[in-house]
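What follows is a set of structures for review.
In the two assemblies presented below, subunit A is common to both, partnered first by subunit B and then by subunit C.
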Partner chain A sequence: MFFHNFKYALKSLLKTKETIFWTLIFPIALGTFMYMAFGNLMDQEEMFHSVPVAVVSGKENSELETVLLALSEGEDPMLKVSFMEEPDALKALEEEQVEGVIYTSDTSLLVNESNLNASMLETVLEQYKQIEYVCADIGTNNPGMLPEVVMQLMGDQEYFIETTTSDGCQNEYYNYFYAIFAMSCLFASFSAISRINKLQANVSALGMRRCLSPNGKIVAVTAEYLALLIVHFIIELIVLAYLMLLGVDFGGHYPAIALILLLGCSIGLSIGVIIASIYKLSEGAKMGIAVSIGMLLSVMADLCAAGIKDFIEHHVPVLNRINPAVVISDSFYALNVYDDYSRYTGNMLILSVMAVLLLGISIMILGRNKYASL
Partner chain B sequence: MALAIKVSNLVKRYKDLVALDHFNLEVEEGEILGLLGPNGSGKTTTINCILSLLSYDKGEILIFDQEMKPDSYEIKKNIGVVMQNVAVFDEMNVYENIDYFCGLYIQDKNLRKQYVEEAIAFVGLEDYKKFLPKKLSGGLLRRLNIACGIAHKPKLIFFDEPTVAVDPQSRNQILEGILALNRNGATIIYTSHYMEEVEQICTRIVIMDNGKNAAVGTKEELKKMIKNTESISVEILGLAQEDIDTMKRLPHAYSAEYADNHLKINFSGGKHNLVRVLEYLQEKNIPFGRVYSELPTLNDVFLEITGKALRD
Partner chain C sequence: MQVFKSYWKILNRYKGQMIMYLSIFMVVLFCFIIPNDMGEDGENQYTSMKAKFAVFDYDHSAASEALISYLEGIHIIVELKEDDTETIQDELFNRNIDCVLRIPEGFGEKLANGEQTGLVEIVAIMGTTISMLFETDLNTYLNFVNAYLLAGYDSKIAIEHTDTALNQQVDVRLPEQGDTSVMGNRYYYFNYLGWVLICMMVIGIAPILMVYNKKNLKERVHCSAYPFSRIHQEILLGVVLTGIGICAVIIAGAVIAFQGDVFSASGGLYILNMFSYMLVALGFAFLVSNLAANVEIVNMFANVISLGMAFLCGIFVPTEVLGKGVIAIAHFLPAYWYSQACGRIEHYTNGALGEILTCMGIELLFAATLVVLGMTISRKKRVEA
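The block that comes next holds the complex of A and B.
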């Protein structure tokens, strides 16, 4: 009986266009749109293109100068170096013609604001200092060799990109894509509503007919839920694959990402089941509630504009812990930015507890064998 | 005869409204019972209570001598329901819909396949197996709805106004189908507004009014319950009051009216009423045109018992 219900639930779901639209086509369209809007900004390498920097030469540090010059040569140079006197350099920094001023005399750096470019310049100098220290011997014996060694050790730009981003400075545009996943997981509630409505005798004629069959409702409800979960999980994976093909880099950890999506779908579906069990409302009203909840929670997770999440974090942080959309998008973020899994694991625990709790409530409401209040 | 359904003293209230007021009903195995009543008389409420879709305030409901509850799965296995509203999945085709509902009752795959094919043949949808419900005409859709309710070959079948909004041809096919199901051994409960349908197929009729049963019996028995047994109408151009009064005094006649060049006399019993009327007219040399004799309909029964028409 379970399998019979499950088979037909799957069949029905795959033939229902609304499911496909709201959780597959809509996120894909939104993702494509956002990629077109932010694509360039997201492309990290572009951002590291030739950071303009002013160099104020001291007396005795021709090695650093050589390294800086070497970094500003070639096809895709990291730096755009201009040698200046200190007043000119400060003026250029003020007018934002350069991102920073490097003093070769004491290997120090002056920047205006701390942004990605500034931290990259910092990294360059840090690395230089370390290598200079390590290579002190080579330096005294053969000063001319130093720049070459430094260049080799420092490698190419990607090295810097990695060192810079693992400091937790993650491209903010990715948050939009994480929020898209949060949204489409929550929108799984639509198909849950439409399926569960067809199970309730007091909501639809179909539900009435199914209530007359000689089977307990728990079986039908679990079969529906499992079918919904599988279909929506696969849809999320398709959206993920599409965005990756488009060029959005989720930074690996794919099994962990899949777990986020699975738990996310489960929460969206349970929310749908609970909304569906309010039998006094029409299907339209239930959908309205689901759209509102889904949108509200996603907007609170910065789907439309950055800053809302941070604002809530500063004022009512507990809201961010229990808003599934925030937890979902934060899990992506945690995977990408932190080297260990502790924040991610915490988030997964929150999502699991939420999913189990919501599912328990919905099965309790629906599975009881009672007279339908027609 | 064994009883398929026995409802005793059923009371159902919706807040202040008493929808069923100590309603009693007995359905014998093998019969087609018609549940006839005006809008709001409680037909659907009765059926929903019997099916345990609706809780009730008082009373007892037995199906095949067992108490009926929401989890009486053994009883439910033997029941089929065709509701007034079409209840099918829009996204699944004719075959899939019937197979789904049949599968809720019949586990065995081969048996199910056979039952589904038989149901399709029974309602004549052989050429539409792959059609989605929205591609079916109204009549065909009703037939699909019926097939979904009866594919598992239930012993007891409820039909709640299955012919509403169906063209006369499809309606006749549906009625024929119900008779065939009954011939194959199913007990049938049939509700309708349409007297002609109930007269045509039901072996026994329960007339409901205000949540009570106003009258029960075969159609012949019901017709005997009322005073009027025959109405005779004669076209006459001009008639004296004296003649009208004489007509009123004919044996078995209980009323005579003359209006719009028509004389209408109602009789209660008696055998040669028409002959007597015509003999009198000839005797008096009164010329007359067309003559009609009408036997009472269930509508007359209904009108006399409840004081209102069955359909508005």
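The block that comes next holds the complex of A and C.
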């Protein structure tokens, strides 16, 4: 009997277009749009690339030109210098071919906007002027030491050691992709509502017929739940594979990611079962509740705007621990950036407790349904 | 006006979702987008970029305090409670800090002894421009102190001379028209409508039009004494009034948020642009009402169209950072022209009206195309039926 129920639940689920859309097509579409928009944003906006700059030569400042040329040499140079006449330089700036125009005559800079590249150019020029000042200062007070000082000032010694906290993906925009999975898992509640409604005698005609059959309720519910879990888990794996092919770097650890998705789906389904068991509401109203809960929890996990999850973390951290969407998103993050599994394991523990608790509640509610008359 | 009255009754059923999207728009905008905006302050004068850094000073020497004081003057210091990897990683990932400066015990002594390597530790996301800026400033400072020490100055004097040397600045100018990349809050308010108007109007209007398209209802209405043209006029009137009503609410929101800024030439252009785009949104609603079989499918269309255009057309992400391929695709989408018009209106000066009106004209052409497309599908369905 279990397999009969399971088979028909599976068949019926695969024919529900809405379920497939919200849990498969919509996340894929959203992921594609996000990847097209954010995919290279970190590289373009945050990572350092040689700064193209136009230099308008002044006759009396060849030292600055030498410094600028030195900075544009090598394998990964700081600057890409082009010497131009002023009208050409201004045209290049207007057409955004260069980030700025350096006037060597008065060591000044013209830029289109206040941004990181402009600040980099400003720093180069400032450093030049400051070194000039230091040399003049020491030259006046202690000229004997000047050659040694100049040698040191022009050297490339680094007084600091740079370290990093992770070799994983530090792209802040990846929170959006993590939140897509959180949303998709929670949207599994839609199909749970639709399937459970077909089990409830006071909601649907099919429910009445099924209640009258000798088929045990626990068997029917278990078969439905298992079919739902398998379908949604496979859907999540398809979304994962698609995003990976698109180029989103989840940092490996795929069995661990699969576990997040399995627990996430289980939580989404249990939420759906609980919503479906609210007696007096129509299917539309139940779906409305599921959409609102799914969206609200996912928005809190940075689905729509970055920074919400972090804001909550700094002000009411407990909310982030009990929001399954945030825990799912955080588990992806933990796997991607941390070498050890301690944070991930903590998150898995929270998700497991949530899944078991919600499943327990939903089984309890459904098991107690008895109808005196239909 | 029976059809007109019935229109409002049906709209009443779908108003909840429209209000929900309008509320999401207002909350996201006023709580998360606008508070993080640079505003107009940076528009006319150049401002250097500043790194947000946390510092853990385990030396507490005069030299370490002088270094922190210098860096604090040109960058932004952020307090971080614990010096542990997880806290630092989370803060770096969320961009609450750009780097952490760790000054080890013995730093002052090593500096005074002329040591040149490994004096301090910087924790950062490798290769970012902002961390490079910070590191360059730090390196320059230590290099200058070292140079003065080498020249025979004592530590205190070396630090004083370094501070004076670092006051040498360069003149950085912006073009006459200022920094056109800086957008004010008004821009974000109107630009985000490119997403929410489509979503709201498709979800709110398409189901109503679908009701009038139902075969049985349509036939009942058509065999009544009510003239065919009047039915369409009344539905159209209802749709247009809904559009105007929504626009009025949005204008009221803008007046509350930006006060006098709305009653200016650029404010007027923003409103005109919004009305043009409202026609596009209504065009989409009409098209979707002829394509979708039920309300769930309307929801799917609304979300995919509105979010898709928002991501690809410069609403959620500025066009400057989108790839060339994405921008090429965006030219075929109305939200791109809406967003372009918003960008131009934000820096509107007399005489630059041509480009703005061209964008609005293209929006109107899109609206007309959507209506024609909708009518063609509707006609085809009617013939097939």
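FYI, the second predicted complex is superposed on the first by the 244 of 374 C-alpha atoms of A that agree within 3 Å, B and C clash if a C-alpha of one lies under 4 Å from a C-alpha of the other, contacts with A are read in each partner's own complex, and residues count from 1 in each chain.
To be clear about the criterion, a contact is a pair of C-beta atoms (placed from the backbone, for glycine too) under 8 Å apart; a residue touches a chain by one contact, two chains touch by 3 or more.
Predicted model only: the values in this text are computed from it and were never measured.
Asks: In the overlaid three-chain picture, which partner chain does A:Ser50 touch, first (subunit B) or second (subunit C), both, or neither?
Replies: Neither partner.
Asks: Quick check on the superposed pair: does A:Ser105 touch subunit B, subunit C, both, or neither? Answer first, second, both or neither.
Replies: neither
Asks: Based on the superposed arrangement, let me know which partner A:Ala201 touches: subunit B (first), subunit C (second), both, or neither?
Replies: first
Asks: So, does A:Phe33 touch the first partner subunit B, the second partner subunit C, both, or neither?
Replies: In the superposition, A:Phe33 touches subunit C alone.
Asks: Identify the partner contact of A:Gln97: answer first if only subunit B is touched, second if only subunit C is, both if each is, neither if none is.
Replies: A:Gln97 sits against neither subunit B nor subunit C.
Asks: What is the contact status of A:Thr345 with respect to subunit B (first) and subunit C (second): first, second, both, or neither?
Replies: Neither partner.
Asks: Is A:Glu126 touching anything from subunit B or subunit C once the two structures are fitted on A? First, second, both or neither.
Replies: Second partner only.
Asks: For the three-chain arrangement built by superposition, which of subunit B and subunit C touches the greater number of subunit A residues?
Replies: C
Asks: In the superposed arrangement, does A:Asn115 touch subunit B (first), subunit C (second), both or neither?
Replies: second
Asks: Intersection of subunit A residues contacting subunit B with those contacting subunit C?
Replies: Correct list for subunit A: none, the interfaces share no residue.
Asks: For a test of understanding, state which residues of subunit C touch subunit A in their complex under the given definition.
Replies: Per the stated touch rule, the residues are 24, 28, 32-33, 36, 42, 46-49, 85-86, 88-90, 92-96, 116-133, 135-140, 142-144, 146-148, 150-152, 161, 164-166, 168-175, 179-182, 296, 300, 303-304, 307-308, 310-312, 316-317, 321-323, 326.
Asks: Under the definition above, what is the set of subunit B residues touching subunit A in their complex?
Replies: 48, 51-55, 70-71, 73-74, 76-77, 79, 81, 83, 85-89, 91-92, 96, 100-101, 103-105, 107, 148-149
Asks: Using the touch definition up top, name the residues of subunit A that touch subunit C in the complex.
Replies: 18, 21-22, 25-26, 29-30, 33-34, 36-38, 40-41, 44-48, 93-94, 106-120, 122-123, 125-127, 129-130, 132-134, 137-138, 141-142, 145-146, 148-149, 152-153, 157-166, 170, 172, 299, 304-305, 307-308, 310, 313, 333, 337-338, 343
Asks: Can you check the complex and tell me which residues of subunit A touch subunit B?
Replies: 1, 4, 8, 11-12, 15-16, 198, 201, 204-206, 208-216, 369-374
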